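Chain lettering (A, B and C) follows the sequence in which the chains are written, and residue indices restart at 1 in each chain.
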Amino acid sequence: MKNYTSINDIDNINNWIAEAKTLKESPLKDIELGKNKTLGLLFFNSSLRTRLSTQKAALNLGMNPIVMNVSGDAWGIEFGDGTVMNGNTAEHIKEAAAVVSQYCDIIAVRAFPSLTDKVKDESEYVLNAFKKHASVPVVNMESATGHPLQGLTDAITISEHAKTKKPKVVLSWAPHIKALPHAVANSFTQAMQKMDVEFVIANPEGYNLSPEITGDTPIIHDQNEAFKDADFVYVKNWSSYDDYGKVLNTDPNWMITKEKLGDAKFMHCLPVRRNLIVEDAVLDSDSSLVIEQANNRTYAAQLVLKKILKNL
Amino acid sequence: MKNYTSINDIDNINNWIAEAKTLKESPLKDIELGKNKTLGLLFFNSSLRTRLSTQKAALNLGMNPIVMNVSGDAWGIEFGDGTVMNGNTAEHIKEAAAVVSQYCDIIAVRAFPSLTDKVKDESEYVLNAFKKHASVPVVNMESATGHPLQGLTDAITISEHAKTKKPKVVLSWAPHIKALPHAVANSFTQAMQKMDVEFVIANPEGYNLSPEITGDTPIIHDQNEAFKDADFVYVKNWSSYDDYGKVLNTDPNWMITKEKLGDAKFMHCLPVRRNLIVEDAVLDSDSSLVIEQANNRTYAAQLVLKKILKNL
Amino acid sequence: MKNYTSINDIDNINNWIAEAKTLKESPLKDIELGKNKTLGLLFFNSSLRTRLSTQKAALNLGMNPIVMNVSGDAWGIEFGDGTVMNGNTAEHIKEAAAVVSQYCDIIAVRAFPSLTDKVKDESEYVLNAFKKHASVPVVNMESATGHPLQGLTDAITISEHAKTKKPKVVLSWAPHIKALPHAVANSFTQAMQKMDVEFVIANPEGYNLSPEITGDTPIIHDQNEAFKDADFVYVKNWSSYDDYGKVLNTDPNWMITKEKLGDAKFMHCLPVRRNLIVEDAVLDSDSSLVIEQANNRTYAAQLVLKKILKNL
């Protein structure tokens, strides 16, 4: 594997999950593998979990992580081809990506979508520019349309907590006041499609994810119906895909409650807004796996970095 | 010791001072102790000395420090219980503290007071939320009401420079144009109360610190009287405690001069505003211990981290 | 060598270039030299290459780099002598430099000029204050009037790519919309003056660099004439020196094109604005050495740090 930028880069998810569990048991066993190797973490957007867990993963592999907040620490990056750069951008991604490749053995990038220009967002122009112009491997720390480190994390967590051979997993939309990206929902959907689970998506009308992502996965507009006999309920808000980036619905009836959840486990990538997405009673109960998920972020990142390091 | 969040966490200050001096002589002797352990430094506010000295202390113990400016690098944290999070905060401290605990073996936090809401500030809601919701030890890098790494530093510095068995130490208020917290003055007072020194506080009327902190310590409103026969003059501005957070007095007669200081040593936690708090002639003379204090910040932090690491 | 703050700190540039090439061949051979030593990188201004390459250099030497964005992470620093600090600055450089020296074995500083006050900029008050008040060596990561890590980098790069014994090197001004500093052009000029090259400067009238820098170097106002038989064309915009900090000319005829460049190699310190400073066809061709230059930033910094470490 050279880059890890999509769930599609996982060749066999069951093998990956098994490897991640092994790493989790002895996180320091590969500490010589990344010695004197540098991981550059470039943030175009804010980050807590990804920032810390990816650094921790790098340290577990003996790597030196170097963090940069691109906008705050440096300057505006130009992505257009042939642009006359007489505006606000001071460096072209062609140079920036090649330059960072001189100092880092792996580059990890976070760049959120605009949510105003679907075509541009779906082109993944930031991530793809790094893939094209960097001379070293690139890891996606959440891009416009995917968050594959989170998707891998969630697959690991479900595998750890599954009590049946083929658990039922529901991805449920929940209300939010702001327009949020589709990245987490997309990567979770792709991960579940690769696993041996019964997977359905619950969202209001007007909130279907991209059909290229959902494929044959059943989409149910009645949350109660979807939750029936669920083992895992993975919750996330996203803005409308069809009416791109719009908040069409903030119906509080879609908030997750303990009553709705029943015996299912609750999952969320965090950060989560309490009593808007989900009531306190869920997060404060044993049904919640959110902290387990956060913990597994380290091992998902570590597995990805390990696979890349082995190929360097 | 699990957490270090107050001078009251010091069981025996003389033993701690002695241990710190030993560390200072051979700072790298415990470099194996923190190997593959991570210290998360979370800053809700600016920092120079604390930021650098605590990282240096961690490195001396072989730890990996990871720094985060919470507001700049991540997003608004919610501290309220039961809040419907439909405003500006995106993550609850319950999750944030538990999540950071997945990646860090010790969490150090800086969070200043509002100086507008005494009850809220004195509740130490940020620090206490970390203590409650983090699953790893918490270190106070200056909270609303205390700066115990500084207080320990100052105790070490006084012990190193004392020429008599029971030196006279004065904590003196000095003028400033902005409303400043009470944290440094509080922790210094608490540290001196634990040491074998003659300790008095000099401040204008209306500027007494919290009586819960000052206890039996004499408070003198005449600076000259207080400075008589002083061996150490520790200077700091703070805003009014009674008229909470207000600047009632900027009387330049309270500025520290070489003449006033006499043979006493001058101490200040820094940053210090020259010719407002203290005249150049003091800081530029051999009477000033401020750089010694800054140096001792490393060993105070290192001692605290060492004690916590030994208990992990 | 104690400090590295100017090209004039290089005693013998040919020896330095030879040493840097040796380092580049085995970058990790001195990894024990900087063990348990800390490099403080203080940024008063944005940085990409310098930030990453200097950290990488420190890591190659086994050092611990600690990065601080002075304005964002801490507070305003006062540089005036005798100032009554009742304004926006909260700490004097006398304390700040001495304090940072307690935690770092070497301090590296970036501080750009105002471009509004020539006398103040040329006094190099930030850099010189660090040299004066720090008790540890100081490295210039680009100051008001010089960028000697870049100048050394460029000398190494020219030496690597020279095909004749005494190549012709042209420093050419190119148009830009903003007022830019003279630091890179100054240090490049000083570096070339120390090397065995035929060196000329091409710039429009009104754009001569400081005569103290250019000395006997020919200055040609006709770009085509200057480029004749050039082996290396080093391009950089700078604002007027005589009419200090002003943008007098944005003539697109001074932009570098493939046609103008001919068989010469193109060099630029980056970031570079495409199709304003230089057309795409140059940067996207084999004539461009800009990524080589970026790579050599690591070895220039590593050589400087190594020389300083050896003298500690």
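Here is the rule we go by: contacts are C-beta pairs under 8 Å (C-beta built on N, C-alpha and C of every residue); 3 or more make two chains touch, one makes a residue touch a chain.
These are the chains along with the protein names UniProt gives them: A, B, C = N-succinylornithine carbamoyltransferase.
Quick caveat: nothing in here was measured; it's all calculated off a predicted structure.
> Please state whether the interface between chain A and chain B is built from the same residues or different ones, using more than half shared residue numbers as the mark of same.
different
> Once the Cα atoms of chain B and chain C are superposed, what angle does the rotation have, between 0 and 180 degrees and to the nearest 5?
120
> Please report how many Å separate the Cα centroid of chain A from that of chain B, as a whole number.
That gives a centre separation of 39 Å.
> Touching at least two other chains at once: which residues of chain C meet that condition?
72
> Provide the residue numbers of chain C that touch chain A in the complex, in ascending order.
Those in contact with chain A are residues 28, 31, 43, 46-49, 51-53, 55-56, 59-60, 69, 72, 177, 270-276, 280, 283-284, 290-291, 294-295, 297-298.
> In the complex of these two chains, what residues of chain C are touching chain B?
Result: residues 36, 38, 40, 64, 66, 68, 72-75, 78, 82-86, 89-92, 94-96, 98-100, 102-104 of chain C touch chain B.
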